[in-house]
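Okay, so subunit A shows up in both of these, paired with subunit B first and subunit C after.
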Partner chain A sequence: MLKLRLIPVLLLLLLTGCKSDERILEKLGMVQTASYDLLDNKRLKVTYCVPVTDPTSKVRRELMTTVSDSLKSARLQFSLQTDLKVVSGQVRETLYGTKLAKEGLGDYIDTLLRDPSIALGVRVTVVEGDAGDLLSKTFKSHNDTGRYITHLLDKESYGNSVPATTLYEFSRDFNDDGIDPVAPIVKDGGDKVVIEGVAMFQEDRYVMRIPAEDGIIFALFRDDLRQGEVAINLGDKDGRPVVIMLSSLLNKRKIKVHQLGDGRFKVDIFASLQGSVLEYTGEEKINESKARHELEQKISEYITAKADLMVEQMQEHNVDSLGIGTYVRNGLNYKEWTSLNWREVYPEIEVKCHTKVVIKDYGKYS
Partner chain B sequence: MRSMAHNPLSLEHILEEFDQCADLNHRSYPEIETDIVYFSHLVDTASFIKEIQEPFSKIRLDEVDQLLLQSQFTPGSDPKQVVVGILAGNVAIFHRGTVCLLDVYGPEMRSVQQSETETIIAGPHDAFVESALTNISLIRGRLKSPHLKIRKYAVGEISKTAVYLLYIKDVANPKLVEDMGRRIQSIETDTLNDGGMLTQFIEDMPNSVFPQFLITERPDVVASKLAAGRIVAIVDNSPTAISAPAAFFEFFSSPDDYYQRWALGTALRLLRYMALLITITFTAMYVSVTTFHYEMIPEALLRTLAESRNRVPFPPVYEALLMEIMIELLREAGARLPTKIGQTIGIVGGIVIGQAAVQAGLTSNVLIIAVASSAIASFVIPSYMMSASIRLIRFGIIILTGVWGNMGLVMGIAVIVIHLSGLTSLGTSYVMPVAPMKSTDWKDVFIRAPFSMLRTRPKQVGTSNRIKQKNRK
Partner chain C sequence: MPEKLSPFHIAVLVYMTQSGIVIFTLPRSLADYFGTNGWLVLIPCLLLSSFNIYLITLVFRLGKGRSIFEIMEQSVSKAILYPFYLGLTAVWLVFGCMIGKKYVLLFQMLAFPTTNPMLFKLAIDVLAFMMLIKGIYRMSNAVTLFFWMTIWMFGLLLWFFPSFRWARFTPFLLHGGHDQVKGAVEVYAAYLGYELSILLFPYMNKSKSKKSMAAIYAANAFLSFVYICLSLICFGFFGPGQLKKLLYPVLDLLAYIQLPFIERLENLLYGFFLFLVLVTVVMYWWAAQLSIQRIIPKVKTPVLLVFLLGSSYCVSFIPKTLDEVNVWITNLGYAVTGIAFGLPMLLIMILLIQRKGGISHA
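Our next item is the complex of A and B:
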């Protein structure tokens, strides 16, 4: 009986060997933001941003830069540069320079996914130009550029104006058939960081981008929404632009695929959105239902036109960021799908966007 | 051996028994050939004057025999009975070779006061005192039923402490009553000073850190426990009563729960379970997170936590143990010191621990928060015995987390749960409504349901009379 009781104790004692796994907080250099750039000689420039935890120190972050052949060998080189143990369990943001993004992110994403200490919620963001330079720069009112970018994207993605892509979403879209990943692009705007738009990838290669102001239109056709704002220019009146702004957007998206045979498809994308008018500079009385319906019509025409143009561009660059391919795939059996070369078919198919707009409210007192 | 001619009931013999007892009073009334022997500090002065002093100073010799025939005087038949009688506060009256005993017991006692350890806001404020009979009177005052039965036992070779066993006939399970009585009778000890001592003699597992009988100072709690079918033991000279069988979850309910509206009672009870979790895990979580699991720290807390740890020279587990021991020292000092000094110590200790230790770089201020909140949470648990046990367990868990991180924490909690499920109280499961699962009892364990729903007695007591409140028409 005594022996039986001793066994678990002995087993536990064996575990004390794991004491070497100790990671005592103040001895760690916790990488919070990492940036990766491709140099001309095909080597990798890696910059890590580690918060400085010494309260007496004036600097708030420690930047480490190295040139190496791979991500993990970069970490080994960083160990030589610092008195802290470099760990990646607190990474929140990874920034990729345009050059690297154009070359393809697949290998790097794979390395990050392979490390169990890196969470799937880590952000993937493309930087216009050199990511390392942006990260190294200190913006006046923000002492930690990495956190500044993370919070900026966090806030914007809440309103769906840009998709803030996580490692999970990127690798899911990358590995899935019939959809291509997207990521936000930021750039150095002098004394601030500016969101530039949405980067669209073909497989893992950054191919095209749409400007930030069209991000919400892209979002309307990419997914259902529960939050967002859109401002629409309805043309001029007496030399003054007529602008209507919809807020508290609710959007339902539907994709319908019609098979026309011989690998030809016709795709309809429906977005039906509801919103409240927060701003309207036009003449119409929107409390009259007739005028309101006309306005709804105008808005939907505007959005549809923009969306059609966007889809056209995407087909031109052969990126399927809306995930039309997954809907086509769902309508086919496995054999038909595998025999179909989606990359070849996609630019040729006919895609039509449809928008239905409902103005829910139009202000309290008007 | 004494000679047979020597009368064992004689005054000389009894006085010999009490040789060198300076507190024994011996008074003679030579005119009426009477002697009285008693302990003045055991008798009630008023009745002593009325029953003894006044009649004996006025009476004539030929009337004494007549007086002693009155019913309040018990004739003594053997010396042992007389000796025990004197010890129990009787006056022994020796008259011409006969002995009579008169019970005028009434020593000075603390009056009924507020409970110090189980204070509540609403509800009755009276608490038990050291006299068992006063305590029983407080209970009888609340349960005016002839079904409230009381058995008496004498425990202790020297002390002969009276232990009373209370139960309500037809409500308490007779098997448990017999078991409890048997356990009390089988105690072998010299002296029994308190109810807390009694529980350790009769508990199912004396080596466990968890109290297996509920100890309370409050007559209202005892009344409700009795009505629920539990058995109560009261030890003379102890202001506590012991209720059995007890369940782990009983220790987290306070009489306050029933005296306030049910929503409030429920919220407070849930708060106490939360306090249990906080007490066990907060400091341990700090240790495990700062030693092993830096990934778990939220971004907003990361810098604060790392900065506050930065100057500390020890690994987190030593830091945490140091602070926990400081808090326990402070608590123990506060409990032992007189109130006025205790306050001073509290302030000094608070400043020393809270401010100076951080400034000196001995601990991080996040740890201070963790230690303080887990200490405060431990005081939320109404039963002092239970909160002390849990505070003790906490140290084990802190050490476990220092060695194995979160895995140690999980192992520690698993060991506690396994141990609790193995415990019994008077042969019944200690974690009753949970294991074995009795979901009908949950409404008075994790929440405090409205009284209209609390119509049954707990299953744990094994009563045949489960319905305590019939549906109102």
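Our next item is the complex of A and C:
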């Protein structure tokens, strides 16, 4: 029995072997936001933002910037600048400058995914201009710009006006054939950080963007939705814009592919949405079903026109952000798909968007 | 009279022996070796392992529940049997030991990257020793407890439903893979563990022999169900393209789970997998112990275990990297698969000869 009692003691003693991997919270610099920019000499400018947890300190964050050749060698250089042990286990946000994003994010995403301390839930965001400059800037009433951007994007992606892109989503769409990744794009708006729109990638290269106000329309045709709001301008009435605002959107998206032969395809994308009208500045009586159906028709025409234009732009830039290729692939056999050069075919295919709108209710006022 | 294992305990024991470290890499192996919809390979694996279990039940029936060692010793001379037993012991012992080492190396990659892995290995070996000295009946009680402590994790798969898309599956069947034969053996290794049920015959309740045999099938079917669900989720969540790139997709799945009050849950969850790995290791070592005990029956079990575990611990110093351990596991996997099929077939042959020769074993 004595021998058995000795075993827990032995196990405890074994723990002393972990001394070299000891992590003391106060001695750690837990990076929360990191930004990466490509400089003219092809080197990387890396900025890390580490929240300061010391309650007696006046500053809420510590910023570190360095120029290096790779993401991880930047971390080694940061170690020389701070008394803390820089660790990346708590990274929530990675910001990429436009120049870097245009060159391609593949290698950087690869490095982040390789690190076991970095989870797949880390956000990927493009910054219009220089990401390091934006992260270094202090905005009034926001102590920590990195966290401010994270919360801003969190909130907006909940309403689907911009896609919530994490390492998981980016690398998944990058590695899958028949779909290209997307990411939110933000910019310095003077005294605020502003969401600029949705960045669309060809493979891993940032190629085009759509403005933030069209983000929800893009979302309607990219996937099913269970949340969202859209404001639609139905034209002018006596010099005054007529606006209808749909809230609590529910959307079902469907893609149908028709093979026309000779590697030609016709694709129909259907968005079927319903929502509540919370604002209407026109003169029709929305409590009358006929008027309401007319409004539904007008809204669907508006959304369809916008979506058609968006798809046209995507085809021009040869980015398949809606994942049409996935559905084309799923309609073919393996040989047909592998012999098909989707990048060549995609800009030529005929894509038609269809929208069906149902006004579920119009609030509590007639 | 020693207590007998109930059919439920047998099922849990077999399932827990089967599931282990391979779960972390299985979806990747399926995508990498078999390409699109590689998860389908799990179905022939289930059928093949069920056939193997059928062979084991035949041994049970023909041998009327006798221990396999008794069956062999009745007809084969000890000069042949002892080297054979030694071979079995070596394969089972080192296989178990490498599984433990792989778990340790993976754990180390996630946490404690600079600590000497052999310290963790020692801690696991001590735990295994403490289980082994208790004997199979009390081990099975502990294993049942471990089963309840880990099975809830299966529910975590629900977490991935919102991001799951059937469109990612592709309609292609098993295209875009490579080295399918090697892949098939590697994937089949995920099922291994059921073959140790052949050693459980003397501990089974003879009056419930049919149920006991059904329990082995049930455990294997349940394991397949778990594997298929996990692989389906991985293919629909990651898509085959990304799955090929992720070395340990299940670790990435665990890392994706975030709760409002706790981030980076995977280190915590990975700890629970220790129970699955520990049971696999312990069962292989138990099998090794049984076969060596036939050669040296007079040595006391704890002494024998110290010797066995000590020598396996020394062997585990040899491979230093994850890749080296993988090579060991793959090669030993071939041997274990060979034993899984070969041993019951050999026993059936011996039993048929015994029957023909009219040797009584009443």
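List of remarks:
By our rule, the second predicted complex is superposed on the first by the 350 of 366 C-alpha atoms of A that agree within 3 Å, B and C clash if a C-alpha of one lies under 4 Å from a C-alpha of the other, contacts with A are read in each partner's own complex, and residues count from 1 in each chain.
Keep in mind that, in the parts below, a residue touches a chain if its C-beta (ideal position, glycine included) is under 8 Å from a C-beta of that chain, and two chains touch if they have at least 3 such contacts.
These numbers were taken from a predicted model, which means no experiment stands behind them.
Within the superposed three-chain model, A:Ala119 lies in touch with subunit B and with subunit C [touch as defined at top]. Shared-chain residue A:Gly89: touches subunit B and subunit C both. When both complexes are overlaid on chain A, the residue A:Pro55 reaches subunit B alone and has no touch with subunit C.
When the two complexes are overlaid on their common chain A, residue A:Val9 makes contact with neither subunit B nor subunit C. Look at A:Leu80: by the touch rule set out above, it reaches neither subunit B nor subunit C.
Shared-chain residue A:Trp337: touches subunit C; no touch with subunit B. Subunit A has more of its residues touched by C than by the other of subunit B and subunit C. In the superposed model, A:Ile24 makes contact with subunit B only, not with subunit C. Looking at subunit A, you'll find residues 18, 21, 89-90, 117, 119 touch subunit B in one structure and subunit C in the other. Of all residues in subunit B, those touching subunit A in their complex are 289-295, 297, 299, 302-303, 305-307, 309-312, 315-316, 403-404, 407, 411. Those residues of subunit C whose C-beta lies close enough to touch subunit A in the complex are 36, 109-116, 119, 122-123, 126, 130, 163, 167-168, 170-172, 175-176, 238-242, 244-246, 251-252, 255-256, 258, 263-264, 266. Subunit A makes touch with subunit C in their complex at residues 4, 7, 10-11, 14, 17-18, 20-21, 89-90, 113, 116-117, 119-121, 168, 171-172, 175-177, 323, 326-327, 329-334, 337. Only residues 12, 15-16, 18-19, 21-26, 28, 30, 32, 51, 53-55, 87, 89-90, 92, 117, 119, 147 of subunit A touch subunit B when the two sit together in their complex.
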